[in-house]
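So the structure is just underneath, and the comments pick up after that.
Letters A, B, C, D, E and F mark the chains in the order given here, with residues in each chain numbered from 1 onward.
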Amino acid sequence: MTITHADTAARTPVPTQSTYQSRVADYWNAEENPVNLELGKIDDLYHHHYGIGDADWSVLDEPDPDRRRERVAGELHRLEHAQAELLASHLGDLTPSDRVFDAGCGRGGGSVVANLRYGCHADGATISAKQAEFANEQARKRGIDDKVRYHHGNMLDTGFTSGAYAASWNNESTMYVELDLLFAEHARLLRRGGRYVTITGCYNDAYGRASREVSLINAHYICDIHPRSAYFNAMARNRLVPVHVEDLTETALPYWELRRKADHLVTGIEDTFLNAYRNGSFQYLLIAADRV
Amino acid sequence: MTITHADTAARTPVPTQSTYQSRVADYWNAEENPVNLELGKIDDLYHHHYGIGDADWSVLDEPDPDRRRERVAGELHRLEHAQAELLASHLGDLTPSDRVFDAGCGRGGGSVVANLRYGCHADGATISAKQAEFANEQARKRGIDDKVRYHHGNMLDTGFTSGAYAASWNNESTMYVELDLLFAEHARLLRRGGRYVTITGCYNDAYGRASREVSLINAHYICDIHPRSAYFNAMARNRLVPVHVEDLTETALPYWELRRKADHLVTGIEDTFLNAYRNGSFQYLLIAADRV
Amino acid sequence: MTITHADTAARTPVPTQSTYQSRVADYWNAEENPVNLELGKIDDLYHHHYGIGDADWSVLDEPDPDRRRERVAGELHRLEHAQAELLASHLGDLTPSDRVFDAGCGRGGGSVVANLRYGCHADGATISAKQAEFANEQARKRGIDDKVRYHHGNMLDTGFTSGAYAASWNNESTMYVELDLLFAEHARLLRRGGRYVTITGCYNDAYGRASREVSLINAHYICDIHPRSAYFNAMARNRLVPVHVEDLTETALPYWELRRKADHLVTGIEDTFLNAYRNGSFQYLLIAADRV
Amino acid sequence: MTITHADTAARTPVPTQSTYQSRVADYWNAEENPVNLELGKIDDLYHHHYGIGDADWSVLDEPDPDRRRERVAGELHRLEHAQAELLASHLGDLTPSDRVFDAGCGRGGGSVVANLRYGCHADGATISAKQAEFANEQARKRGIDDKVRYHHGNMLDTGFTSGAYAASWNNESTMYVELDLLFAEHARLLRRGGRYVTITGCYNDAYGRASREVSLINAHYICDIHPRSAYFNAMARNRLVPVHVEDLTETALPYWELRRKADHLVTGIEDTFLNAYRNGSFQYLLIAADRV
Amino acid sequence: MTITHADTAARTPVPTQSTYQSRVADYWNAEENPVNLELGKIDDLYHHHYGIGDADWSVLDEPDPDRRRERVAGELHRLEHAQAELLASHLGDLTPSDRVFDAGCGRGGGSVVANLRYGCHADGATISAKQAEFANEQARKRGIDDKVRYHHGNMLDTGFTSGAYAASWNNESTMYVELDLLFAEHARLLRRGGRYVTITGCYNDAYGRASREVSLINAHYICDIHPRSAYFNAMARNRLVPVHVEDLTETALPYWELRRKADHLVTGIEDTFLNAYRNGSFQYLLIAADRV
Amino acid sequence: MTITHADTAARTPVPTQSTYQSRVADYWNAEENPVNLELGKIDDLYHHHYGIGDADWSVLDEPDPDRRRERVAGELHRLEHAQAELLASHLGDLTPSDRVFDAGCGRGGGSVVANLRYGCHADGATISAKQAEFANEQARKRGIDDKVRYHHGNMLDTGFTSGAYAASWNNESTMYVELDLLFAEHARLLRRGGRYVTITGCYNDAYGRASREVSLINAHYICDIHPRSAYFNAMARNRLVPVHVEDLTETALPYWELRRKADHLVTGIEDTFLNAYRNGSFQYLLIAADRV
């Protein structure tokens, strides 16, 4: 029998490929942290990242406990939203006919922000079936489900159409994956001249290897934080050329200072983040790059 | 006329692509060495590799010439089978629904061993149409042709389905091909976490370049033995990560010592193998690696 | 919603992908230099490259101005044709059933030369719709449009069938593109053992970086001349192995000396070429390589 | 002033180069875990690694508490020593005139084992001044300080003589450094044909990224455990060719099972190790490689 | 005769290594553009780069011609100085005992700026003997020649001491050299954790290949402007990790708008710069990176 | 004890580093083939390579047996010398003050040819002490031992001064070594713009892997013939840029045809060479490249 050539393009969806990925999917399917859910309820923008910018510390002085919790949550949400807007502002000049890819979309806030800002189409991908379902429900409620869709699947292997995207991003989701696989997928999906943006915590290889604090954060989220160099090395191998790099570490501190004082929202990792940022072993970075 | 995009996926089978490959195919189409055919007849397991383990030297003391030939052949076959079993034992925990790829399958013994052991599906590939036909006939006789199939074609470019295989191997067939092309194909075919195993002769680059003995073996088989380093370098470039490496050189000697005394089976290359192993220029190696 | 796998193979034609490419296409759509059109009219072989070999200087002594212009044009065309023939002579032993790829075909002369010489099929690709149309019209007039076709599109991404070509070339068109993308496409299209040939101006990295003259040539043609090393580095990464390399610089000088004296044909860049060749910063090179 | 060429070879010793390294040095300068000190006292062989092999569980049945602690310590020490001997047995055929390099030597046990076994010279390097001093004191007591020396310094940049070493190793000390820098230094120090051996915990990239357990171990020791693939990739880039790879995970479990029951010796990380080994995310590996 | 090992470290200074470098050196030895000399005279800070920031356009309204020339020159110098200060502000926390390397120092302004700001030692390197002499004379006049020295030599091969520098930079001088050679030298000279900064014009590979305008700038300065990607690729290969990347294109426009109106200072390249910036083919970039 | 930094530059000469190299040295120390010695005696130019160009076949018709042997030897020597001259003609414009490196110099003929042609200094390196001694004796006899010296040592690690050589070459000696190590040493020794030339047999990877004939040649000479691609790949990694590549296969045939008929000179490998050249598996190649 001669070798018969099966259709190698016909792929079955592979939402998870490794034990590790299953464990991460389980985590996010089970996750119901108030800091994500309570904040999202405020305006139905559910973010899964941290926040940036100066905080209004007066919210801590609010005497009424309920009202204080509410105001603190609102302030944290405002800072998270500021981060989402900062990221969106680097996506380039998008039009309503453009399409964007939200890699590691979580409960979907980032794609909504992009759609509101540019009117563009958005495809989000999350490894958690529950998050995808939740996010699609939100899109339906907002009446944007014709343009914004969330997919349960592996952001490293989406099966989406090559070259069909004008912009794409990861907002704090790169620490779960191999960067070479991730950037290869972004480079495949983006059209020539398309824009990629990431905001991410990375460990600082000018400091050295991963510090104890960085490892504790890894243990907390079952993630694997990359050194800063890994981003630029993997981009260099995948035709993603930086055009704007910004160290957000200083501007990330108020969010964590405020959150550590929000008893109803703390997850226990707050001090570790603050220590990691302050001892120089950890950085909060925005990278915008062009697909060439 | 605008460039029209033909379907680049539609490939015609390419059993041989170079003059060299045709010459190798001719060799194996014509090959009828007793050491392969006579030994295979014993239990219808036709191997195209050598053997490992201690030999029962008493077979040489058998006074009856016919019986001695028979016992020597049986002992050599036992050692060859031990090698096939050793390889199969490193394929991981396979189930009957799993699929394995036997690259350079020759007359098909290895796939039968795997099927008997795990009940799994097997696809073999050989550049010799005659070997493929012979092997498929054997599978039919055993009644396993629904699960075990041999294909006439190029193991570097099988056209089989990506990610469909739980394990794959080369049992002494890597010296005919470029390792980067070979391992790229294995990496494409194996699922994430799949296992690759090879048993191979390699020249020892701690000794230096290929010795005269290694070149004589190359001339004998029209092959091109790689240095040991080439295996690890090419695996590193193709996401195959070693988990077990074993130097089988010592355990390979008895087979050759016995075979050189088997007048009806010798091919003339026996002493060269023994010299090559003993002067340190040649090694017999097993590598088991995971597809990551 | 689970990630649905769109057919990533279905690609829409992308004649130009960047602003730069559009600008190059505009240039060639608008270009009507007499040195290209007048010379082509002589025998309907329209070349877009320079010429090689000794010139018959007596054409300059022709007293009749019209006749002199005619004879000078004829001599320049002869030298250009000699270059096309030199390139074609390195394409290997082609048969009428073979197929060749003319990358950056311009107004089509090179494919006609190859077809006349070997009777082979030819596919040309040019970024200029006007050039493609013009060249196809020429093929129809010659009655070879069943075998020779010109396509409007990007030579970096033709969509032609993998492994279907016995030979391919660039005759002075490599300076508009990234060599790694170009050679990857040639390597994809050529069958194993196929032949690639380029004639190109390159800057000489034994001299150093690009000289002023090289930059002036770049400005003139909106091109980006590569260093000599870039060709060999990119070939090494794309399985193209040189078998013949020839420095044509000396033999390219007569063409330019003659052309600078042809008032009706000069474009103004002639002296710059001569200076660049003579100060050692620029070279005219033929490279023939095998696809392995 | 013309550039004057200072002697770039004259280097001042750089025991630590980064904040991270200082923090690791501080840790080991302060470290006085009974599991290291108490076990070392038994026979003045101070190891800083774990153990392998079957345990004599009867030590737990010892009724006398003091005696039980003593017997448990003795048994753990025996297993650690077995590991040191296993590593030493892979160093090749060393003679008393040969020189070996003990990278990350800790309190020095490994070099003593090698010296006792082969009579060879040994140079150890540790980032902890206190460990180097302690180890040298031990060598003096044993009367082998003419052949065995410990150096306070950076194992990535020892300044030792190129090509002067017949063998070298890391026994559980590779997780503190970049492997490319480490293996470059080993490759520089080893003579052609020299042997390198490491025993190390690595995370299993067939499982995926670092698991939570792996991150907890990192946090415990301020280290940064590499994936298995990183070892083979970095060796491939540094002319170190594996010849023996052995998965010691199974044989490492008894040590940890016994240690978790040794109240006076536990450090709190025991269960994490056992979980990491058992869920498949972590492996204990021996790699022996030749410098080619 | 046995091979005798000459001292390979003993190198004679090699201020220029190629014809190209000699031609660049000749250019700068001869260069006496008023835009460099007249502006430098204002405060004895001689810069060889452009300027950034908003301009005070009222200087153009100055009725007195001499005074207007003076004020325009002053304004241009202020913008150039602003650029030098911006660069210096990214050099990290330097102390008076630190040492910095000014690669391609020209007439020396950048090193003076750094010395004034941090009190640090500075070594400049320029390929022009005349520039080095001029700059050293300036340092003597300022009384800082004990700390600030300019060397005539090749910035790719300085012979300075490895690891001796806390910071280094190129202010518009990278377009004359191969980036891999340049960054290898910076990486060699910088201590671990040291900072590298460059401000440079680069062509934008999101636009495509070098535009006509970029080639005209190359011809003007005999330089060879790199694509943006080349910086990040070469940094990735040389352990330089970006921490801040800023697109200065917009902020560079006022300098050129003002300069094109300064009749006594124009060099003729002004409009080309403005066109290149505005059509998107050229960018003015600051990159700050850490040596890891 | 702190790490003390021994002088890593002080190297003891290492004529041979591996068993393989010792075996090659033994071969050449013992070699006394008439085809090398008898031919050399003719004019005291001892070559260790083959010849090129058309043969004067009339020498075979010489009736007197002694005279015929003499004339055949003379003709073979003429062809060998033609090869040496061809190589020397590609070394660039050398002056008497220039220095050249003859890598794998054998009994020294090539360096003499270069010295006679250019008056330049020459350093030869051979792994055979006997060859070096013989060649130096020849130089003394010719009175050129002040300019031409032969060294016993490893051409991969000569210890000669970096950048001191204007040209270098291998005339049929590359098949004994790793090309990356070899070209790294040439690149180190050559000055920028220096020229490297090799004439070598290589196997043709357009044909496929090494043919049986190539392996027989390897066995004959204990060498390890590289594929053609290996030369260009290794040059690309070592800053050697081809400028002239010529396939000498056709022109190499007469030498072998004549030699196979010279009974007193044949070594037995003649027919294998002819078969290898003619079946397309083997090529005789000249590569001239610039050090950039």
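The definition used in the following text is that contacts are C-beta pairs under 8 Å (C-beta built on N, C-alpha and C of every residue); 3 or more make two chains touch, one makes a residue touch a chain.
Worth saying up front: this structure is predicted, and the values here are computed from it rather than measured.
S.K.: Among the remaining chains, which ones contact both chain D and chain E?
M.R.: Both chain D and chain E are touched by A, F, going by the contact rule given at the top.
S.K.: With respect to inter-chain C-beta contacts, which pair, A-B or A-D, contains the greater number?
M.R.: A-D
S.K.: Repeat of B-C among A-D, D-E or C-F, where over half of the residue-numbered contact pairs coincide, is which pair?
M.R.: Selected pair, repeating B-C: D-E.
S.K.: Quick one: compare the interface residues of chain E with those of chain F and tell me same or different, with half as the dividing line.
M.R.: Different, since under half the interface numbering is common to both chains.
S.K.: Can you give the whole-Å distance between the Cα centres of chain C and chain D?
M.R.: Taking the average C-alpha coordinate of chain C and of chain D, the gap between them is 60 Å.
S.K.: Please tell me the distance, in whole Å, between the geometric centres of chain C and chain E computed from their C-alpha atoms.
M.R.: Between these chains, centre-to-centre, one finds 38 Å.
S.K.: Just give me the whole-number Å value for how far the CA centre of chain B lies from that of chain D.
M.R.: 38
S.K.: Return the residues of chain B touching two or more other chains; collapse runs of consecutive numbers into ranges.
M.R.: Residues 9, 11, 18, 192-193, 206-207.
S.K.: If every chain is a node and each touching pair gets an edge, what shape is that graph: line, ring, star, complete or other?
M.R.: other
S.K.: Kindly provide every pair of chains that touch.
M.R.: By the stated definition, chains touch in these pairs: A-B, A-C, A-D, A-E, B-C, B-D, B-F, C-E, C-F, D-E, D-F, E-F.
S.K.: So in the complex, the part of chain A that touches chain D is made up of which residues?
M.R.: 18-21, 23, 176-178, 206-212, 215-216, 218-219, 222-224, 279-281
S.K.: If you look only at chain D, which of its residues touch chain B in the complex?
M.R.: Residues of chain D touching chain B: 192-193, 204-207, 227-229, 232-233, 235-236, 239, 241-247, 283, 290-292.
S.K.: Applying the document's contact rule, which stretches of chain A touch chain C when the two form their complex?
M.R.: Going through chain A, the ones touching chain C are 9, 11, 13, 15, 125, 132, 136, 149-154, 158-163, 191-193.
S.K.: Which of the residues in chain B come into contact with chain C in the complex?
M.R.: Within the complex, chain B contacts chain C at residues 1-11, 14, 17-18.
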